[in-house]
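Data block below; observations after.
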């Protein structure tokens, strides 16, 4: 309910078109929606990105996933559920036959049209980082963006990255996905002008401590203009990149 | 430009089909721009932000700081050195009489004109977080931005933040600076549409472990669109925010 | 054996009503029972809460669980075993046919009547936190309390909590159950006057480090009046809340 | 603004007593006032505890402490600032001549009358834990409670605690302050029926890791009814205990 | 090869009974065996404890375990293999039909006679600690000692320990096995005069961090005369206790 | 108060020799005295070791140290205070003129006669470990033992240890003091039959993490018969060794 | 090569002073050799070691492993894939029938001839460390070296290592593989003159924290000339040793 | 005593030249001298490197440093003491007037001639890493090597490193010194064929955790041929590099 609607409502009451009592019922939920301007924002977000809400699949039961998916689908053409394992998908696919499952990123989704706003590049250090990178990339795409993927350009073979330098430098925002020592974020951060979102992955063993080594490295990046999300959080990096890219696209 | 292209180009020069000078122009961008493009970028960065390089004062001797400051000053109107303690400033101020020292943010700088690009808001949870927030804010300002400051709106008194909700929501990018449990980043992240940069601070004691608690909390934010920089890294947050804000301003 | 009983016993000896030898036998066990006043307390506890002892199911064999359950059942109408997985329950249910199993909280119990002392509210940040919350809530109920449940009101959508603010504020004690960054504890702690018990959960991934992020955040809460129990310790939070609520109810 | 007020307002509009436009202005701020109900609560808290706000002295400048102290003093007879070191006090005492400084707890305060609500006991393991214990105890007293102190009863000499068992068991709530291995919290928790608030201290060396050992021990207490606050957080324990004790005293 | 053997060897050479060359071959390995007096000690150890070497089963293949067991058995009546899971035992038992398997301690062994040197007491906090305690106790027994077991006397029910105080205090050495907060080690350490060996166990969850909480607590014990072994290291505690007890028994 | 005493007391009551009321008063403290058997033990400990209590100087004020020292001195010829820094000693020495200060071990003490029970050896890896070793050695001596010191025999020069192998192997108990990687404990543990007490020290830098590296190494010793005390805890190791050595000496 | 040099070179070509082909050769190395010199190096590496690239099998799908293996095989006689589990091998062996699988080291490889450069010794503390040691040893062999293996010579039985001292001391480089407390690296480091590469393994339990204890111990080695690779990183140690050994062999 | 000597001794006994008894006395000390072959090695090491022993100055008293320095000086022209702070040097310089102090590396030394074996390059990421780099470089030089220094070529400005690529690639061994995220080690490791020794430094703040971030990053390097020493351990890196370089120089 927006400002104008409230003004209209009060005018209707003033003009006797609706009773004070009925007006009260209409108003009752207003303050929460209004104060919590973000409730309104939720709809704005929906209009722009098509995703008022995303289902975090991990830790939810099959029934919960299906139910929420169907409820969201009833309101939006675009629905997205992250962290849906192949096992879960196998069990629920018959109940969500219209949904597309991307096994690499483990995202289950429906979408009306492809993302069209260019400007986001997703870069990975190794092959093992691709699932997280795809979670980020598909998140960006489902939120309306077009994504350039540059994979397997880790710092142990620097020429691979330098080969793609032009492509990298023409981005509005870059998502760097790397496990092990996570050095790629600093190297990319030093080569570009745009914001860099670093995603540490749990790829590695021993003293990688499930991604801690990459996380700490990225937080201590000597390159400025680098910010970090949680280990393996492709979705979060995608959201952040999409928000930034859409600022640029305004 | 591939091997064959270069060979062809050289053959054309040898055969007089194109002049050495024109050939040079074609070649010029090949190795340099492609490989070390960032060297060129450094100048572009300088043109736009006025800061081709920032002096990280911590761990440098007085002489090193003064010398680098003077060298940069010779090339740029705007020079910035971060992490200059009051003690260091007292010792070097006579040698850099034209520089301005901001004791709260511990930044020593010169600037030609005030930042003018609006869109960045810096928010703090408590009074103790202000020095880090000021490092972020002044960094943004020296890089050409105008900064809105909203301080001391931590989640233990939520009404303080909600009072300023409109101001917060009208930002292109928000820097949230918080120590202790760092909850403010998630709360702000849930209230806005724009990218949020979270800066954990070392404010706290005991199980804050010098900012680790806030850092982990921010990395695990349940709100999407939040990315994190190092503990107490106001400068890094400022750079990231400035990069994002200038995307929006293009 | 209480003070008066000892005095009476000694008087009986003085008056020759019982011999010194018989008196000694009666006294023999006195010091332990008395010094260990808590042995007496155990019975008092039983009288009030109906739970002199709770079976911690994790790490016990099927036989141990069944045997202790039956032994306690012989003395009390109310028996409670926590951390009984569905698999364990499936194997032992035929031997404890009178017991009720709650699969969400993983508690196996018998009770005579429903809890009736109002004043405890259990709040969760997300859906994934519900099993821990239910362990807390059912513990409270089995100890005689009535519980108000307010689930899925995490800080990334603050309006959900504010919607229920009145309900939250009318509690004697609130249990806040949250994983990830655990910010809900601070936000609730800042909105209420009553004691808040924070339960970090292991919900999350990466830098949540199995609940460490939420634990540290809750320990560093900027809101006063918040105390913390172990990660996923719904039972402990329930006990603490029940003790507090019954103080209020005296 | 309550329900009835809104209904009245709408009726006034319906009856033409106030215009729709003026009614809108009145409504506009309603949600904020309502949502921020806790702003009202702040005053309620003040009325009951005499402490609407406490100054956390650590990390504040002398001027900040003095200024906030004077501002609070203008509104309340009782003012309290924690973590005021002897050095800080020496510098500011002339500007706050009416304030009392307790060097053991490092609290600077004014109070009108002594706390009178009995029920809180503060227990310490060793002599080194007393400053934290006194921070807790004086916080309780300034919030209106009477405090029983039982110090230096650590588990390496268990008879010292058992000597005071009766005193301990007659409490509404017990604060256990212990460093090193923090075992006292579990021992006390097993001997009493009431809620126990455990405060780990940084007393120790080596593998105590500045209180981490005691903190982890207390979080893992085998006794139920124990909740934990941050390392050295006597103030937080005092607040929690006071909230609990005043529930009991209602 | 002992001193006398060398003297004899040299005499044989002097008397021409063996050639200098053959004597050299015999001597060649002498220095190592001799310098490494422990090689001799190994035999002494065998004579006293019957265990010159113990097989650490974890991480060994079935074949390795069987082969080493048989090799040791050929030389000694007593053989002992620790950390043999029930699954491993099921697979190898036909090849070691003479060996006894204790499923609680997961020790596979043969022994000629029961341990007879009294003086060791093994104490546990809870039921879950018993497997580790049994590893310690059976190790002691196989090394010739008689063991007193006092289980399930954790500090949350202090009367259980005090009931057994006399038994505890009459030991030469006490092994305290406890998980969770590990407080029992300090409490026992404060009640006895003899050396206490503390064994933290991985019993617990959440902030027990797989036994770290108990380990740190035990290392920080406020009671003197307590030393600690690795988490779940019942075998190590048993060895240490046996060495101490046999000193007492000399 | 023993069994016979109680029986006698009851008989006296039966015979009218003392009144029931007076008998009750005598009995009242019985359980505590009995349960607290260790209170009696304290005196036994005093008789044998001369040290019923040791003052832990760290964290105590000058006045507290002096006062407790004088109080203990009034009852015992032998008094010992550990962790007394040179600065503290300089301030208090005039008030304790009869006490001896050992600046290496930082122990302040009085003793009647030298320790005479042989069997304890203290070994260090490096020169930097000597202060902790001396704390252990002097503790042992003050408790009646004679100590053999073998310093600076770290594993990087193994021949130094092997030179002293005979001396090492003739001990009842060995204290190994080592920082950095703490490997000496395992090497010694593999060379001897007797119990080994390992003391990690904070000697080192970087990834020694203030002794954590040595602590972990010692806890994971591949040699059996090794138990560990807290980092830098020479006193604790000395107590443990003394308890063990006196068992051997019985 | 600077701008002027390039201009001159092109002018020379234009003037026919040097041919286009020779000019290309001069230019060829300018960008690539200067910048990506390593691309050329890659071929040199291939020529010498036969391994321009190694497949890290962990985290790759069966198809990825097979495809890369075949692609590399087409170019080189020697191909190597590490971290291939027995399960993976069983599934892919029919598609790579020419490849040899070593189940201990989990390496899948083809090779033309045996390694022939002596100088590398691989030492392990225990039996459990052998798989990591074999990964190192086979890596060295596939890279052209001959390897001496000395296994199961941990410090708890020092005579085993001393027995093999001569063999150890005749190496160019030694790889020490050890879990638990990792002390063997320091002991070997103190006995030899050549570089020592320490490989911590995850062998151990409890406070070994999956190899952390050994890692920290090795990093803090009191012996100079020791450097460390990641936990369980036999491959990395093998590469490093091979690089060093081939320096010696030049 | 070498093999031949023993053979001769036995032959003398066989030939009756010396008695079996006298022969035994000669033999008795043999094993120690032999086993400790490394004692001989110490002299070999001295002959080649001029440094049989290095004084680790940290934690030693002034007197200890001077005394050991003089003792070593009596035997060798080259003496080296590391970690000598400027304060220590100021106090002892009059007693060691012949020694040279390098304030950057904090090394105090004497040397006869400059190092002459080329092949070692020391690279740093930043200016703050130079003191550690100089400790490494001077150690190498004192051990006979010539060192190439390439400083301030961190990955945030990759062109600086690439500018020096030829110089870097012509090394036998490279020491990479870097703090913060330590990425330079991986980048250099990917660009060269020779062994790389990575030295993490404590340069950084916040989540660098005093060098832990760089340490973990370097241990997880995606480049093969990289091994790591302790944080800030320039000396250790120098020793390792010298050992490797001298292999190459044989």
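For this structure, a couple of remarks:
Note that the chains take the letters A, B, C, D, E, F, G and H in the order they are written out, and that residue 1 is the start of every chain.
The working rule: a contact is a pair of C-beta atoms (placed from the backbone, for glycine too) under 8 Å apart; a residue touches a chain by one contact, two chains touch by 3 or more.
Worth saying up front: this structure is predicted, and the values here are computed from it rather than measured.
The chains in contact with subunit A as well as with subunit D are B, C. Comparing A-B with the candidates G-H, F-H or A-D, the pair whose contacts agree for more than half of the residue-numbered pairs is G-H. Per-chain CA centroids place subunit D at a distance of 39 Å from subunit F.
In whole angstrom, the spacing between the mean C-alpha positions of subunit E and subunit F is 25.
With centres taken as mean Cα positions, subunit H sits 50 Å from subunit A. Across the assembly, subunit G contributes 34-36, 38, 157-158, 162, 190-191, 206-208, 212, 215, 219-220, 224, 230-231 as residues in contact with two or more other chains. In this structure, the chains touch in the following pairs: A-B, A-C, A-D, A-G, A-H, B-C, B-D, B-G, B-H, C-D, C-E, C-F, D-E, D-F, E-F, E-G, E-H, F-G, F-H, G-H.
Residues of subunit E touching subunit C in their complex: 127-128, 157-159, 162-163, 203, 205-208.
The part of subunit E that touches subunit F in the complex is made up of residues 35-38, 41, 44-45, 54, 162, 165-166, 169, 172-173, 190-195, 197, 215, 219-220, 224-231, 235-237, 239-240, 243-244, 247-248, 250. Residues 32, 35-36, 38-39, 58-60, 64, 200, 202, 210-212, 215, 230-233 of subunit C are the ones touching subunit E in the complex. Contact residues on subunit A toward subunit D in their complex (touch as defined above): 6-7, 10-11, 13-14, 16, 19-21, 23-24, 27, 30-32, 34-35. Across the complex, subunit B meets subunit C through its residues 125-126, 154-158, 180-183, 185-187, 189-191, 204, 206-209, 212-214, 216-224.
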